[in-house]
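For reference, the structures are reproduced in the following blocks.
The same subunit A turns up in both complexes below, where it pairs with subunit B and then with subunit C.
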Partner chain A sequence: MVIGTIALNTFREAVRDKILYVLLVFGVLMILISRAIGWVSFGGETKIMTDIGLASIWIFSGMVSIFIGTGLIYKEIDKRTIYTVLSKPTERWHFLMGKYLGLLLTTLVNMLVLSAAFIGYLWFAGAPVTLALAQALFLTFIEMTVITAVAIFFSSASTPILSAIFTTVIFFSGQLTKWVVDLGSHPGVTKSAPWVSDLLYAGYLVSPNLHNFNIRRSAVLASQEMAQLAIPMNEMYACTIYGLAYAAAVLLAAQLVFARRNF
Partner chain B sequence: MNDPALQEFIQRVAQAQHHQQMAQIGYALYWVLFGLGIGTMLFGALLPRRSEQATLIASGRLQRLSLHRGRIISSGAIMLLMLCAISQQAGIDQNRGFIADKEKRYEKEMKRLAERKDKEAALRSEYMYMPQGDSLILMSANNPSLAADYVWLTSLQYVTNSFRRQQKFEMLNRFYATMQELDPRWVESAVNAGKVLSALEPDRFKVEQFYIKAVTNNPDSLDLLYEAGRLFVVPPLDPAQQKKYSDRAVGWFTRLRDKVARQRDSPARAATLRELEDLIARLGLEAGYYKTAAELLFRHATDEANPSAMRAIAAQDWLTARSLALVEEINDLSEAYKKENGRPPAALDVLLEKLPDGGREYKRDAFGFPMEYDPATGIASSRGSNARRAIQAAAIVNDLILIFGHNHQRTPRDLSELQSFVHGYYDDRHNTASHNVIDAIGAELNVITGPLGPWQYDPEKGVVLLPPYASTQTLFKNAERLWKRFLRGEVSQ
Partner chain C sequence: MTSDLAIKTSELSMRYNPGLFAAKRIGLNGLNLEVPQGSIFGYLGQNGAGKTTTIKILMGLQFATGGEAWMLGENVRNSRARNNVGFMPENPYFYEYLTADEALEFYGKLSGMDRDTRRSRSRQLISDFGLSHASKVQLRNYSKGMRQRLGLAQAVLHQPPLVILDEPMSGLDPLGRRDVRNVILSLRDAGQTVFFSSHILSDVEEICDRVCVLDRGRKVAEGAISSLLTGRILEVHLAASGVGAPGLAEVNTLAMRAWHDGALYHVLVDTEEKAQQAKGLIEKSGGVLRVMQPHKESLEEYFVRVTDHSSGDGMGKPALKKDAATPALQSAEKTEA
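The block that comes next holds the complex of A and B.
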């Protein structure tokens, strides 16, 4: 009940934030402009439209999570409004969860608006629309649950600027963690210092591997070939469970940090 | 007035005039806005501050305006700052130039580099701004599909003439290879890329490498197999390559045919198979796969699903294929005999008597003519198929005689005179012989001897004459009788 109230309040507050509308407008604009970019191309117009649309939803949803999430808790502390909340019979973790769910709801609404614009535009332009695109969008949302959790974690520990920097770094580097493991399996490394590749692999397992949720290429190809699914359902469940588990772990870590924070 | 260079010059002058006009308007507008900005700021500055309102003897309008003093000054300042930025931007653009200017400067540099250093170094410098596929995946934060779109769109500017670069084929080949690396299953772009490359590079085998990579990435793509085959359908610039090209095309289309054959039965599949088999048959004829071509053409000629006109054409082509298949078999037997006995057989009957039924089916070609045999060389030939070639060759030679007539206002005295004229007419630099001409009279442009031996030339009429049997009507009339016997099963395939 408390968590729900805080979540709804957070959502209402976030919706009043102008940055959300700026990002939403730019996101929709990118989706609309994608057709013009497709026109310049010699063939593959619908493929380019779908690529740009999915990538825009990914990046703008990420930006919503980062820009709004990284200042969420710090703002409350700075304005001293956190005292009014915590002075009530509310646990700190209620507050944290409420903030997280509120931000997640904001991201979800943002994604729904962008997805509706995207799918509608694709359908209007005669581009193929299949369930594969829905799969990609769903996993993008799961990715945002992780990023939102990361944003909340840094927000509860640090200033907005630093939180934004760290969260953005994780947002992009999370896509490339596989390459780090590849580095470790380079023959030069395995010969001279095999422990490096083990260390890198351990680091890989622990870091947020956001590339798991990136099935945009498969989704675009699947929709072009009019296939219903981009990836098998069991793989999708595995990615979802990974995302939710990782987000829960990060939130717990945030709770540990937040519980000891003095303000 | 119709001179294209003059038209281009006039267009450029008109464009320059238009630019000058726009520059003058822009310049005037700039100063108007500058004045407006200064005026707005000054006006705002002169308005009394709110604290001074008490001492002000002013109208209500001025009082209301003074409430917005800050906003008025800010608007003026914004205008001035924007104008400052615009003027700076114009200066930067003048120094750096736009993309087309940059391209021109870059081209000059590349030409200079190519003169100083070797071609490879120049090419490497051009490559420098196009990263490898791996780097693009990293730079696009693991969005390889988007990166592939970027590479494709970038490559398009090098296809048109707007951005001229040296070694276009090598440049674009690299772009397309990067694109394939990033998004190997983007078949549509691979098909279009292959078409672009084939237009830039006369050596089709080089372009085929691109298709091989694309097909390896997309083994189930029928479009790629079809385009790879079509690559070799257009006649080569070097006629000596024709057989090789046809052979390659047959390979690709056969592979495609096998894939289509494995699909579920449907009218579309049947139509596709017919089209492919027709292509394989005709290309097979050019490549020397006479037996395969004969089988396929026979099937088409007897397929009720085919329109009657197509069946008639297939039947006629079958005659040639069947005749050449028989010739090939006889020549193989002759070769074997030569190896065994150290000399070719003295007569065709010597070869055929050893075959079942006395080799009855080899005695005549599919057109009904007796098989011709040269005991000196041991090589057989089909009079019917030679006659068919002669009909085409005669048409070409007669056209050349007409061209001679246009140039000299008379017919050639003899074919030697025509020969000298033809060699001079088809000068390598200015006027090359078309594929049809080379196909008919050979790469040496021989107008003295045809497929049936030396031409018979009538200098009064100015035409080469064909023997009575070498007319389309006679040829196919003969063949029609045989074809009907064939369909009745009186003659084996």
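The block that comes next holds the complex of A and C.
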């Protein structure tokens, strides 16, 4: 009840914030101009549209999570609105979870609007639409559960600017973790500086492997070939479990920081 | 803890650690406090004395570094302690994108109120606090007085037996202060306990049953106002007309201050005995006594007496030695006895 109340209030805050609409408008614009980019590109016009559309949804959903999420807890402390909430019979983890779920709901609604515009536009342009696209969109949402948790973690411990920098770095570097571990396992590195290899592997284990959720390229190819699935369903379940577990671990860490704070 | 106490603290302490190279700062130093149920309790102290720190510890916003505190029998470390407590922070801030209706709905839900009670209480409070005309207006457009009224409304929304207010009269105009005073008195009349901090000592003196005075994180006085302010006379003001020159010279030897305003001769003396002597001298020299007004110690003067001698720079720097019991505490305890 308390978590739901705080979540809905957080959602209402985001809905009444101009930044959400700015990001939404830009997201929709990107989807709409994807056709024009398709006209001037080599290869299939619908393929470019699908590619840019999926990428736009990913980047603008990430921006919603980062720009709204990184200031979420800090703003409550800075503006002292947290006083009237935590002074009610509310546990601190209720507050943290409420903020997280509220932001996730905002991201979900943002994604649904962008996805509706994307699928509608593909259908209007006569591009192939298969379940593979839904798989890509679903895993993008799972990626957002991780990014939102990371944003909440930094927001509960740092200023909005630092939180935004850290979360953005993780958002993009998380796409490169596979490349980092490949680099670490290169014979040149393992022979000359094995500690670098260990360090890179440790970084790989700790940082979120966001590339797991990036099946956009496979989804585009699958939909072009009218295939229903971009990746097997069991692989998708594994990615989902990984994403939710990682988000839960980050939220637990955020709670450990938040529970000890004096306001 | 006995349940007839609304608030009890035992050796409550708070030390802030500003960083590696800065000295620890004491916010509270072994505070023992007992607030009886059904009373209006004033919590006084200079800036930095530890009033807000105490309130934040009670409300679970800060964690004490020592000692314990209870509200209505529940330890404040447990969120259940806040079930039956209403709280308004100093200069309350709200979600600016909400309207008053939405804000009270939100706080009512957090307090666990059912939908019907929540809605009827919100309507009633919005009307009682004079916010009906602005109940659909976003809070970003509210004045300070309106925010303060909404702050009080959210604090009493679920009709808690204990209401804690941090500087509820701060920054309000005289009418706003009167409204807050009336709300506090009506809460006490309804059997609720009100614990509030304030700098406006005339208001505290007017409405409080008991007070506690805090200085640099330590309690220097606590008790019923009637027992703290014993009617000690600070000075007596006499005013007379037609006093002859020899009489004037004799009266002046008794006076702390004497002056003539063109119509009357005024004298201030520091004891009742001197006032009687001055009265006799005035009448003996053919004068007519027009005014003889004793000035008793007010709460403000009491507050200055028990805090000023030890305040040093007056900025509320914390006392570091626990055994440095102040004479003020001793005098307050003697008075209470």
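By our rule, the second predicted complex is superposed on the first by the 260 of 263 C-alpha atoms of A that agree within 3 Å, B and C clash if a C-alpha of one lies under 4 Å from a C-alpha of the other, contacts with A are read in each partner's own complex, and residues count from 1 in each chain.
Going forward, a residue touches a chain if its C-beta (ideal position, glycine included) is under 8 Å from a C-beta of that chain, and two chains touch if they have at least 3 such contacts.
Since this is a predicted model, take the numbers as computed values, not measurements.
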Joint occupancy of subunit A by subunit B and subunit C, clash or fit: fit
Touched partner set for A:I37, first subunit B, second subunit C, both or neither: first
Subunit B versus subunit C as contact partner of A:R216, first or second or both or neither: first
First (subunit B), second (subunit C), both or neither touched by A:R12: second
Which of subunit B and subunit C A:I52 touches, first, second, both or neither: first
Contacts of A:T130 with subunit B and subunit C, given as first, second, both or neither: neither
Gap in Å between nearest CA atoms once subunit C and subunit B share a frame through chain A: 19
Doubly contacted residues of subunit A, that is, touched by subunit B and again by subunit C: none
Interfacial residue positions of subunit B with respect to subunit A in the complex: 138, 141-146, 149, 152-153, 156, 159, 183, 185-186, 188-189, 191-192
Subunit A residues within the subunit C interface of the complex: 1-2, 5-6, 9, 12-13, 16-17, 79-91, 260, 262-263
Subunit C - residues contacting subunit A, complex: 56, 59-63, 79-80, 82-83, 85, 87-89, 91-95, 97-98, 102, 106-107, 109-112, 151, 154
List of subunit A residues in touch with subunit B within their complex: 37, 40-44, 47-48, 51-52, 55, 172, 175-176, 179, 211, 214, 216-217, 220-221, 224
